[in-house]
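The same chain A turns up in both complexes below, where it pairs with chain B and then with chain C.
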Partner chain A sequence: MLLLPAAAGLVVFEIWPTFQTIYYSFTSWGAFGGHTWSGLENYRTLIADSDVVHAVINTAIITAITLLAVPISAVVAALLSLPGMRGVTIYRTLYFLPVVTLPAAVALTWKWLFNGDYGLVNWLLSKVGIDGPHWLSDPATAIFAISIVGVWGSIGYNMVIFLSGIRGIPVDYYEAAELDGAGRVKQFFHVTVPLLTPSIFFVTVITVINALQAFDLVYLMVGQQSPAIQRTETLVYLFYQRGFAEHDGGYAAAIGVLLLLATLILTAAQFRLQRRWVHYG
Partner chain B sequence: MADPIRRRRVRHPVAHLVLCIGAVFMVGPFLWQLSTSLQTFGESVSVPPTFLPHSPQWSNVTTVFSALPFGHQLLNTTAMTIARTVGQVLFSSLAGFAFARMQFRGRGVLFGVFLSVTMVPYQVFLLPQYQIMQKLGLLNTLVALFLPGMFSAFGTFLMRQFFLQLPQEIEEAARIDGANILQIYWRIMLPMSAPGMIALGVLVIIWSWNDLLWPLVVNSDPRQMPVSAGLASLQGQYTTNFPVLMAGSLLASLPVIIVFIVFQRHLMSGIAFSGVKG
Partner chain C sequence: MLVAPFLAAAACSGSSDSGGGDDKQVTLTYAIWDQAQVAAMKQIISEFHSQHPNIDVQVQVTPWESYWTKLQTAVTAGTGPDVFWMTMVYAKYYATGGGIAPLDDQIKSSKMDMGAYVPAVTKAYTIDGKVFGVPKDVNGFGLCYNKQLFDAAKVKYPDESWTWSDVIAAAQKLTNPQKGVYGFVAPEADELSWYLTVPQVGGQIISPDGKSSGYDQPATVKGIQFWTDMITKYHVSPTLQQTTDTDPLAMLTSGKVAMRYCGSWEPEEIAAVPYGKAHIDIAPLPAGPDGNRNYYSNGLANSMSAKTQHREQAWEFLQFLGSERAAEIQAKTGTVIPAYEGHAEAYAKAMPEFDLQVFVDQLKYAQPFPASTDTAAWRDDATKQFAEAWTGKASVDEVSRSVASKMNDALSKEKK
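Then we have the complex of A and B:
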C-alpha cells in the first residue's frame, strides 16, 4: 500500500513510456499525427544520418574535455583535506556554486564571457597578444567553449564526492607514508589516488553519462541558427529538434533508444571494469 | 582541533594560493554577471570592458519584467519546484520505507524494477509523457510542469538506504508496545529520517528549478513557462543586450543559490551518500 503512489506514478510516467518509446522507434509519424509500423527504417536512417555521426563525435569530444575536471577536482579535494586546512567551507561553497546554478543562466553568462567582440575572455586574451575568435559562432572553437563550461560546472560535484572519499582513507596510511619520508605530492600519488579509485571511477562514469545528456548549453549558447551547430549538436539536442521542433516522433524515439543503449552499456561497463582496477582500501 | 599552537603552525600557503586562483575561475563568471547586470548597454560594449558600472542601472531589472511575464514565470517555477519536491519526498519516503522495513512477496523483483528505472535517461520518457499531457488537455498548464516529475525511482532508492541505516531496535520496541506499521512509519521512522528527506528535498529543488527540456516541450505559452524557458526566450528578444540578459539570469538563479547556501550541509551529505552508494 505504501508503495502504491510511487509505483503507480513510475509505471504511468516512466516504465510504460520506456516501452512506448522503444515501440515508436519502429514507426513512422505522419504530419498530422498517427503513426504506422515501419520496421527498422528509422534505424537505417539513423546510421546514415550525418547529424547523428556529428552528435556522437561531438559528445565524445565534450566528454573527453569535461573529464579534465576529474584530476582537477581530485587535487582540490586533496588540498582541502590537508590536516589543519582552514576556510574549507568557504572554498567548498564557492567551488560548488556552478553546480546548483540555473543552467540557462550559466549558459547566458558564459555566452557573454565568450562574446567575440566585447567578451571578457577575448579581452583577457588580447592582453597577452592573442586575437581571440568568435568562440561560439566559429565551428572550430564552439565545442571547446561549451566543454570549458562543462569542466567549470562539474568540478564542484566531483570535489564533494572526492572529499567524502578522502575522509574514508585511514590516517595511518598517511602517517606511514610520512615516516617513509614521502612528501605531500608523493602522498597524493601513492596514497590518495590509489585509495580514491572507487570515487574516481564513480565520478568518471557520472561525467560520461552527464555529457551524453548534454542539451542546455548547446541549445542556449549555440542554437539552431548558428553556423557552429553541426559541430556542437549532441544526441539529446538532436532528439529535441527531431521530436519536438520537427515532430518526427518515430525518428526521435530511435535516437532515444540509442541514448538508452549507450547509457546501459556504460553502466554495465562500470560494474565490469570496477572489479578490475578499483582498489577497495 | 583543540590545539591552537599546532593550528597556527600548519598554514599551507601554497595550497591556499592554488585554491584562490581556482576560486577566481569558479566565481569570476558570477561577479561578471553581477557587474554587467548593473551596467548601461554602452558600458557593456565598451573597450576596455567596464568592471564597475558608473551608476547601477536598476532599470535592467524592470526591462526583464516588462519584456517577459517574469513574475508569472518565477511563480510557475516556484510552484513546479514545490509540487515536485513534496511529491518526490513523500512518495519516495513511503516506498523507501516499504522496501527497507516490510516483508512482502515480490519485494526483490519490484526493487529491481525501481533500480532499473534509475538507469534510464529521462529523455526516453519525454515523448510519451508529452502525449499523456496532450491527451489530458494539460499542455500549457502548471500541472503539466510538475505532474510527471513527482515520482522518483532514485528518491525511493535514496530513502531506502536511509531507512536501512536506522536501528531496528526502536521499531521492535514500538511493535511490542502495540504500534501498527503506519504508526511506526509516521511516529518513529519519519522523524528519524528527516535528514535524508531534507537531503533528497534539496536535490529535487535544484533539479526542478533548473529543469529546461521538459518545460520547453510542454509549455510554449510564455505565461505558463518557468524562468528557465523564459530566459531562453528572453535571449531571442535581447540577443545582444547583455545587461538585460545578465539581470534576468541573476534574478532567475538567485533563489536556488540561496536554498543551496542555507541547506548546504544536507545537500553535501546527500550527494556523498548517494554517490558512495553509486
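Then we have the complex of A and C:
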C-alpha cells in the first residue's frame, strides 16, 4: 500500500511509455502529431543504416571504458577507508562533486580543458614535449576523451556505495588477515574485494545501464557539426537526432527498442554470471 | 467595498481601448533564439504593451541548437509559444504540417501591406498561395578583415573589385605560421561558407522545383572546393578540427585569422570585443570568378502558432512586429537588416566603426534559401558528410555525389 505512489509513478512514467515506444516503432509519424501503421518498415531501415552500426560500436566502446570506473572507485573507496586516513571528508566531497554538478557545466568545462589550441590539457602536455591532438574534434581521440569524462563523473557515485559496503565488512577479518601476515594490498584483494562483490555487482549493472544511455556528453562536447561525430555518436544520440532533429519519430522509436533489447540482454547476462563470482556473506 | 470601484474602473479602461473588443488580460509567449536581439525585442514589446495594455508578452529565448527540437515538441503537445521566429529552412515544414497558421484572412481584414517587405522574404513564406509569416529581417554577407594584419603584411584592403583569386592571393600573403596567423578561415558551415560560393559559379543546392539535389552538379562541387582548397591545397586556413574547437568568429576577433566571411547579424558581436571593434572592418563579399554575386539568403519571419488560444491578440502583436516602427527599432541596434523596406539605411548607420552598407548593397543579389518540406532530413546529413572533404580524407567530388544520393532519397520520401 505504501508502495502505491511510487508504483503509480513507475507505471505512468516508465512502463507505459515503454510499451508506447514499442508500438510507435511500427508507425510512421506526421510533422505535428498523428501517425500511421507502417509495419516493419522502420526495422528494415534500421538494419541497412550504417549510422546504427557506428552507434552500436561507439556505445560499446564507451561502455567498456566507463567500466574502468568500477575498479578505480573500489581502490579509492578502500584507500579512504584505511584507518588513520586524514581528510576523508574532503576527498569524499571532491570525488562526489561531479555527481551533483549539472552535466552541461561538466561538459562545458571539459570542452575548454580539451580545446586543441588553447586547452589546459594540451598546455600541460606541451610542458613535457607532447604535441596533443584536438581531443574532441579528432575522430581518433574524441571517443576516449568523452569516455574519460564519463569515468571521472561516475567515480563519486560508485565510491559512496563501495564506502558503505566496506563499512559492512567486520574488522575481525582484517585482524585475522594481519595475523596471518597479509599486507594492505593482500588484504584488499583477499578480504575487501571478495566481501565487496555484492556492491561491485550492483555498481557494474548500474554502470553498464548508464553507459548504454550515454548522450549528454556527446551532444554537448562533440555535437552534430564536429568531424568526430560519426565516431562518437551513441544509440541515444542517434535516437535524439533522428527523432527530434530530423522529425522521424517512428524510426527513433525503433532505435529505442534496439537499445531496450541490448540493455535487457546485457543485464540478464550479468545476472546469470553473478552466481559464479558474487559472494553473499 | 473597496474592490467594487476598482473592478468598475478596470472594466472601463478595458473597454475603452478596444483593440479587438476583448477586454480580458492575456499573456502571449514569444519564442526567439538570438540573445543579441533580446534588447530590441523587449523595446518592441514595451511599446506594443503601451498601445495594448491588456496584452502582455513574455519573451522566451532558446539557443538555436535546441530551439527547433523544443519548438516542435511544444507545438505538437499544444503547449508551444503563441508567436515565434521562423526561418525559411522550416517554413514549409511548419506550414504543411499544420504547426503555423495561415494569415491571409487577418491580412485582408486589417489591410496589411505585404508589399512593404523585401520580396524574396515574403515569397519564401508564401506557401501554396498562403502567407504563413510576417517578414522580419533579411541577411546580407560581407568579407570581414583585420586591418592591422593587412597593414603588417602590406596587403591592400579588400574592395568591391575582389573575386576568389584575390582572396586566395591575399590569404597566402597574410598567412604567417610562426605567429600562428592564418590569412583566411574556412569553417564547414553551409550558410556561412558554400551557400555563398555555390551560387556564384551557377551551382545549386536544390533544384528550383525542390524535387532533386544539386550537389552532384560540377558547378556546385566547384563552389564547395573553394573552401576545402583553402585548407588542404593552399594551407591558408585553420583545419576543421581547429574551427570545431574554437569559434571562427573568435579567431577573427582575436587576430588569429585575417579574413572571414561574415553575416549581417554579426557586427554587434565583433564590436563587443574591444580588439575586434578597433581592428576589424567589412568589405563587400568577393564575387565569383566571373563576377557573379548571387548568394543564398535566409530571412526570418514572425509566425503564429496554429494551436494558439489567443488568435486575435497574437495577430495584434504580429501586426506590430511587422510595423515600420518595429523595423526602425531593430535597425537602430544594428543587429539585423529589417525586411521592411526603406530601413536598411538606419541599419547601415547603426555602427559607424564598420562599413555596414556592404551588407545592404548586397541584398539585390539574394536568392531564396535552399529548403524543402523537410530540410532538416538532408541538411544535417550534408554537413556530417562534408567533414570528410574538409579534412582531406575524400575529394569534394566523391562526397558531393554521396550527399546528393542521400538527399535525393530524403526528398523522394517527402512526396509520399
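Definition applied: the second predicted complex is superposed on the first by the 260 of 281 C-alpha atoms of A that agree within 3 Å, B and C clash if a C-alpha of one lies under 4 Å from a C-alpha of the other, contacts with A are read in each partner's own complex, and residues count from 1 in each chain.
By definition in this document, a contact is a pair of C-beta atoms (placed from the backbone, for glycine too) under 8 Å apart; a residue touches a chain by one contact, two chains touch by 3 or more.
Predicted model, so just to flag it, every value in this text is computed and none were measured.
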*Should the superposition on chain A be reported as showing a clash between chain B and chain C, or a fit?*
clash
*In the superposed arrangement, which partner chain does A:Ser154 touch: chain B (first), chain C (second), both, or neither?*
neither
*For A:Phe244, decide between first (touching chain B), second (touching chain C), both and neither.*
both
*Return first, second, both or neither, reflecting whether A:Thr263 touches chain B, chain C, both chains, or no partner chain.*
first
*asked:* Of the two partners chain B and chain C, which one touches more residues belonging to chain A?
replied: B
*asked:* With both complexes overlaid on chain A, does A:Thr27 touch chain B (first), chain C (second), both or neither?
replied: neither
*Just chain B (first), just chain C (second), both, or neither: which does A:Asp117 touch?*
both
*Name the contact category of A:Thr207: first (chain B only), second (chain C only), both, or neither.*
neither
*Pick from 6-14, 42-50 or 60-68: which stretch of chain C gets in the way of chain B?*
60-68
*Where on chain A do the contacts with chain B and the contacts with chain C coincide?*
115, 117-118, 240, 244
_Contact footprint of chain B on chain A as seen in their complex_ = 2-3, 5-7, 9-10, 12-18, 20-21, 24, 72, 75-76, 79-80, 82-87, 91-98, 100-106, 108-110, 112-113, 115, 117-118, 120, 123, 152, 155-157, 160-161, 163-165, 198-199, 202, 209, 212-213, 215-216, 219-220, 236, 239-240, 243-244, 249, 252-253, 256-257, 259-260, 263-264, 267
*Report the residues of chain A in contact with chain C in the complex, numbered from low to high.*
30-33, 114-119, 134, 136-138, 223-230, 240-241, 244-248
*In their shared complex, at which residues does chain C touch chain A?*
65, 68-69, 72-73, 75-76, 93-94, 96-99, 188-189, 239-242, 244-246, 306, 374, 376-377, 380, 383-384, 387-388, 390-391
*asked:* Considering only the defined contacts, which chain B positions touch chain A in the complex?
replied: 6-7, 9-12, 15-16, 18-19, 22-23, 25-27, 29-30, 32-33, 36, 44-49, 87, 90-92, 94-95, 97-99, 102, 110, 113-114, 117, 119-121, 123-130, 132, 147-148, 150-153, 156, 185, 206, 209-210, 212-213, 216-217, 227-229, 231-232, 235, 242, 245-246, 248-250, 252-253, 256-257, 260-261, 264, 267-268, 271-272, 275-276, 278
